[in-house]
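The first chain written gets the first letter, and so on, giving A, B, C and D; residue counts start at 1 in each chain.
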Amino acid sequence: MLTISLTHYVVLSALLFSIGLFGVLTKRNAVAVLICIEIMLNAVNINLVAFSKYITPIDFTGQIFSLFVITVAAAEVGIGLAIIIAIYRNKLSVNLDDFDWLKW
Amino acid sequence: MYVEFALQHAWLVPLLPALAFVAIVFLTRPWQMLSAILAVGSMASSCVIATLAAYGIFTNHEYVEKPLVYATRWFSLGMPAMPDLQINVGVQLDPVSAMMMVMVSFISTFIFLYSIGYMNGEDGFSVFFSYLSLFGASMLLLVISSNLLQMFVAWELVGLCSYLLIGFYTHKISAREAAKKAFVTCRIADFGLLLGILSLQIVFGTLNLTELGEKIAHFEDYTTFGILTMIAVLVFMGPIAKSGQFPLHVWLPDAMEGPTPVSALIHAATMVVAGVYLVGRTMFLFHEVPSAMELVAVTGAFTALFAATIAITQREIKKILAYSTVSQLGYMMLALGVGSLTASMFHMWTHAFFKALMFLGAGSVLVALHHKADVWEMGGLVKKMPITAWTFVIGGLAIAGIPPFAGFWSKDEILVATLAEGHYVLFAMAAFTAFLTAFYMWRMIFLAFFGKENPANHPKESPWTMTVPLLVLAVGAIGAGWLGTPWHNVWAEWIYFGSPHHAAANYGAMMLSVVLAVAGIGLAYTMYLKDTEKVKAKAMAEKYSTAYRVLVNKYYIDELYLWFNHALVDGAAKIFYLFDIYIVDGIVNGIGASAKVTGEGLRVFQTGRLQNYVLIFFIGVLIVAVLMAFVGPSNAVPVMGGVK
Amino acid sequence: MSDWAGVFIFFVVALIFGAGGIATSFLIQPRRDTPLKLEPYECGMPTQGSTWIQFKTGYFLYALLFVIFDVETIYLYAWAVKFQSLGLFAFIEMIIFVFILIVGLWYAWKEGALEWQ
Amino acid sequence: MPADMFALTLPFDPSALTLEMLMAGLAMLVLILGIIVPKGARHGLGWVSLLGILGIMAVAVSLWGEKRELLNGMYLLDNYALFWKITFMTAAALVILGCMRFVDNMGNQAEYYSLTLFATLGMMVMASAGDFITFYLGLELMTLSFVILVCFRKTDAKSVEAGIKYLLLAGMSSAVLLYGLTLIYGLTGSITILEIGRIIAMQPLSPALVLAVVLVIAGLGFKVSAVPFHMWSPDVYEGAPTPVTAYLAVGSKAASFAIILRLFVSGLPGIWENWAMVMAILAAVTIIVGNLVAIPQTNIKRMLAYSSIAQAGYILVGLVTATEAGIKGVMFYCFLYVFATMAAFVVATYYYNVSGSDELRDYAGLAQRSPLLAAVMLVALLSMAGIPPLAGFAGKFYLFSSIVGDFLWLVFVGLIMSMVSVYYYLRVALVMYRDDPVDATPISVSSPVAVTLVFATIATLVIGICPGPLSEVVNGAAHTFFLH
């Protein structure tokens, strides 16, 4: 019978990280990119919780760390959405391809 | 008592003009006369202190033997690899630096004074004086430096000031280009110098001149003996550009675009002699490396001859003087190369007087003729401008090497030294150069000051601020050489490398140089003064038209640089067209241009698209990962190990 | 060296995953940029207006505030569970924590974020 | 209910956190004052923040020599951390004093100043961070405050665009960084940097650790804008309001270096052989690209952005050997870099207020319009170029002398590129001094700005001419680094 080991979590996390990265690279919508970054952060959280469970089962370092990551991610989303609103008011678009005023 | 004060406070010498610079920039800029007086006054005070200090040095034999050095720590490294590395700033007083200090401050004082008349009514009068002060201060700092890093700092400051001053007429494109050319050429060479200094630090662990002198003299580590040669050549790169030696002399004639006092300052007392002085200061290094000495000597002799031949055909008064400077600097280098610090410094000393004199005279002429520079359009100026003309004649006699004028003694010293070392070819080159020098100088003098007056000109004598310096410098041009006559050579007792070296009077060489000088003047007289229609001159030019064209075009050196670049461009058009920016300044600017183009190329990646950035970020991650994986512990450490 | 293979495979896969997708679609996409092809649907009624349906930004503001105060509970839970053993110091800490959040709320209120526009 | 429930037992000594608590309190105070005080009186908030910072700096100085470790090395207070904190606060004080008028024109002073203070708080936490949680929180506090500051002019499309770019890229990079950190945690079972250092020194090198270190290098390389992770910085620097750019270029970079040193020199010295060469190459590439791309720039802020990338490369050089000399070089350089960069950016800010332009060509004849601004700019640029006797020269000297033995090629790269850098720095000088202004009306410089500029310039000169005393201080601070 298949037992779920640490490796499975790590692989899951790596996959999730790659999916998030793929999204960041391909999505054209700023909100979608923001969501993909959140996916990457959640991959991190999975790592943290898994390591906490398997490697340091006595103290909860990893789990506490993941709480902080979640908090910061929330703050990031908050700011991100606020900026996206502001940029929508400016440009009437949230398409990242339109944001190339600043270059060279 | 004053002497003691001056010896202890020699650091005031560069500080005073530096303070004048600060004061002019921040305080007195709106008041032109005050700024000028401040500049002249500070330089004159420096001159007084320098003279007193020099008096102290020369009268106290102790200092002649062993330099008076006082230094304070600038900064040090408290680190295990180099526990005792500390960089000092300090003052080194010995006969060489004392002499230079007096020379620089004395000549500068009079050039500053002259500038009051010359720059009268120009835009940026105060600014000009602030630059001049900074220039003087940097040069004096260079002169009294006790270690090479400090010297390098001053060296760079001198370069920066020359850039500002050559390009002073900012409205003239040619002036801006010339300034840029001077700066870039020198910077390229300074890179070599910096590497040399760095290597000295790495190999010997100090940059203090006295310590270096001792360590190098006892340097017996034969396994790395080649490194000394390398260092010497690297160090010599700086002087090649700064002192206008072939092939990096191209900036010097262009530097004539600046106001004339600047030309005088650059050519006589400050910038260009810095290179000679640096080699003189690091004589202990070159002395250990015979091949480097050869290089210095050959470069010097060749430059002397080369520049003299170009000067023959030039038409602009300041250009002729510029090439003569290049030629005379070649003499100084030659003297250093044959191991005679005495002769080199002596020629620098006399040259400073007569060259400053001639430049200021040329400036006086230019003011009178409203900046008409072609000598063929002058003529007969002696009647309207007697002081300028006769002082100029004195300068001409001095540079041609007619006794008892200053140039004779110093040039003779160089010729004798070359002969004594057995460099017969170099001696022949130097002797022939002496002939050419007399010829082209007197060609200019006859054309400009004598002969028929040009009716289009309405010259009149310059004001006293300009003529007084001329007169004072003329006295110098006559008498400065009497310090070192072969019969009673005070100079050689003071300024020498190793042990005092006193060549006996060599009457043969003396006769030869007088004969050559007289022959040169005579030839110039027959071709340009006696023959009023200049038939012979024209005939000569036609008969040897190829040679003449080559000379007029300065051996096509600028064109060679130009052609070299074009060849690259045409030959490998697609690849090398990137270099096609500012060809005139040749390879020098080619490097700048390629940096610029690479910059442009890299810039393309900055698309402004966020996702491209992310992609590049992850490609970067990948590259770093590969690096980490392949650069294992075994080959992590020195890919190119230390020099030691 | 075989140990390293995993690292490389990770990166190669990540790269192929990311760049490969873009590249493939770029390579195999048909390029017939006629106006018709650029329509979302090739048949049926021509679309009119923007296909984006937008929420009023007021919702976003509420959502933002909600997210922040929602996350606050993470810490409150952890603290509440261990309340007894943590003692007075943690209590004071939590008061400070809540106070900071209240300042934030006060600010939002003052700025008019809570008023429906 | 246990009787001692309300007995105040402290799990740690909060006095070690004095500086951070004061800074947090100051930031909150400014925010609250902004709510209470009417709009017209809010320009006084700048002075409140400034005085507060100066006060906290005084406390920091009085703490000099303290050495504490909180919660098993989670939080470290030593001279090293204090030096960095003083550096950050100096930068904050300069940017607040120098750019008050700009901020007043922008409005929303309370938010601006409190965010600046929060960013400073984040940096201070980073300087003291001893474990990953503290480090991450400090980093994100700083980054998020900066994100808001970058898009502070929310009606300006450029500013907002810079903000979204910064947010998304920073979010992505911190995800990468975190992923690396979690891998290190998984491999060592600890998140305390010092403990990790001990564990890694005993373990053989595993591929997963290499991956982790690569990701950490990437994440932190992003923060210090090391090539090839630098792409965000020119865009963000150009788009952000100039004072923010100044503080971002100085503070964010310095704080990241503070933590990079902790992480790599204390945490990963066991595998130094593996990352030293990578760091050296990163430094070389950063120096080269930064300087080369700066050459064709026409916007002064963009040029300064690229120049600051190059400066980051120089600073990275100090990390390569992981020795005390290198650390000292980094700290010294960051400190003097504060003054040079602040001076340049404050001039740019002030001139933008006057002329409304950041384009280089509009700086023509600045020397005639305002000698002070031009002179300060010149000194700042020359210091960055490393022309002696300005501070930048001494800083570069310390940095490069730390690697002269083993990485001579890097010294050459640095030297050549600093020669190249003179080219574009002097171009600014030329435009300012040589060209004639279109509009020759003199610019009068208000006294806070003049004070800032003169102070920064004098500091640059003094550090350059007489680096000894500062060097001693930095030596002492770098020394405590190894005492944990």
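Simple rule for what comes next: contacts are C-beta pairs under 8 Å (C-beta built on N, C-alpha and C of every residue); 3 or more make two chains touch, one makes a residue touch a chain.
What you see is a predicted model; the values in this text were computed from it and never measured.
Enquirer: Taking each chain's centre as the average of its Cα atoms, which is closest to the average over all protein Cα atoms shown?
Expert: D
Enquirer: More contacting C-beta pairs: A-B or A-D?
Expert: It is A-D, judged by the count of C-beta pairs in contact.
Enquirer: What is the distance in Å between the mean C-alpha positions of chain C and chain D?
Expert: Distance between chain centres: 28 Å.
Enquirer: When the centre of a chain is set as the mean of its C-alpha atoms, what distance in Å lies between chain A and chain B?
Expert: Averaging C-alpha atoms per chain gives centres 64 Å apart.
Enquirer: Return the distance between the CA-based centres of chain B and chain D, expressed in whole Å.
Expert: It comes to 43 Å between the two C-alpha centres.
Enquirer: I need the residues of chain A touching at least two other chains; which ones are they?
Expert: 21, 24-26, 33, 75, 99, 101-103
Enquirer: Which chain D residues reach two or more other chains?
Expert: 164-165, 168, 172, 176, 207, 210-211, 234-235
Enquirer: Give the residues of chain B that touch two or more other chains, as numbers and ranges in rising order.
Expert: Within chain B, residues 603, 606, 608, 610, 614-615, 618-619, 621, 625, 629 contact more than one other chain.
Enquirer: Taking the complex as given, what residues does chain D use to touch chain A?
Expert: 132-133, 136-137, 140, 144, 147-148, 151, 154-158, 160-165, 167-168, 171-172, 175-176, 178-179, 182-183, 185-186, 189-191, 234-236, 238-239
Enquirer: Where on chain C is chain D touching in the complex?
Expert: 3-4, 6-7, 10, 84, 87-89, 100, 103, 106-107, 110
Enquirer: Tell me, which parts of chain C touch chain A in their complex?
Expert: Of all residues in chain C, those touching chain A are 10, 13-14, 17-19, 21-22, 57, 60, 63-64, 67-68, 70-71, 74-75, 78.
Enquirer: Inside the complex, what are the residues of chain D that reach chain C?
Expert: 1-2, 4-11, 28, 31-32, 34-35, 206-208, 210-211
Enquirer: Which residues of chain A touch chain D in their complex?
Expert: It comes out as residues 10, 17, 20-21, 24, 30, 33-34, 37, 40-41, 43-44, 47-48, 50-51, 55-56, 61-62, 64-65, 68-69, 72, 75-76, 79-80, 83-84, 86-87, 90-91, 99, 101-103.
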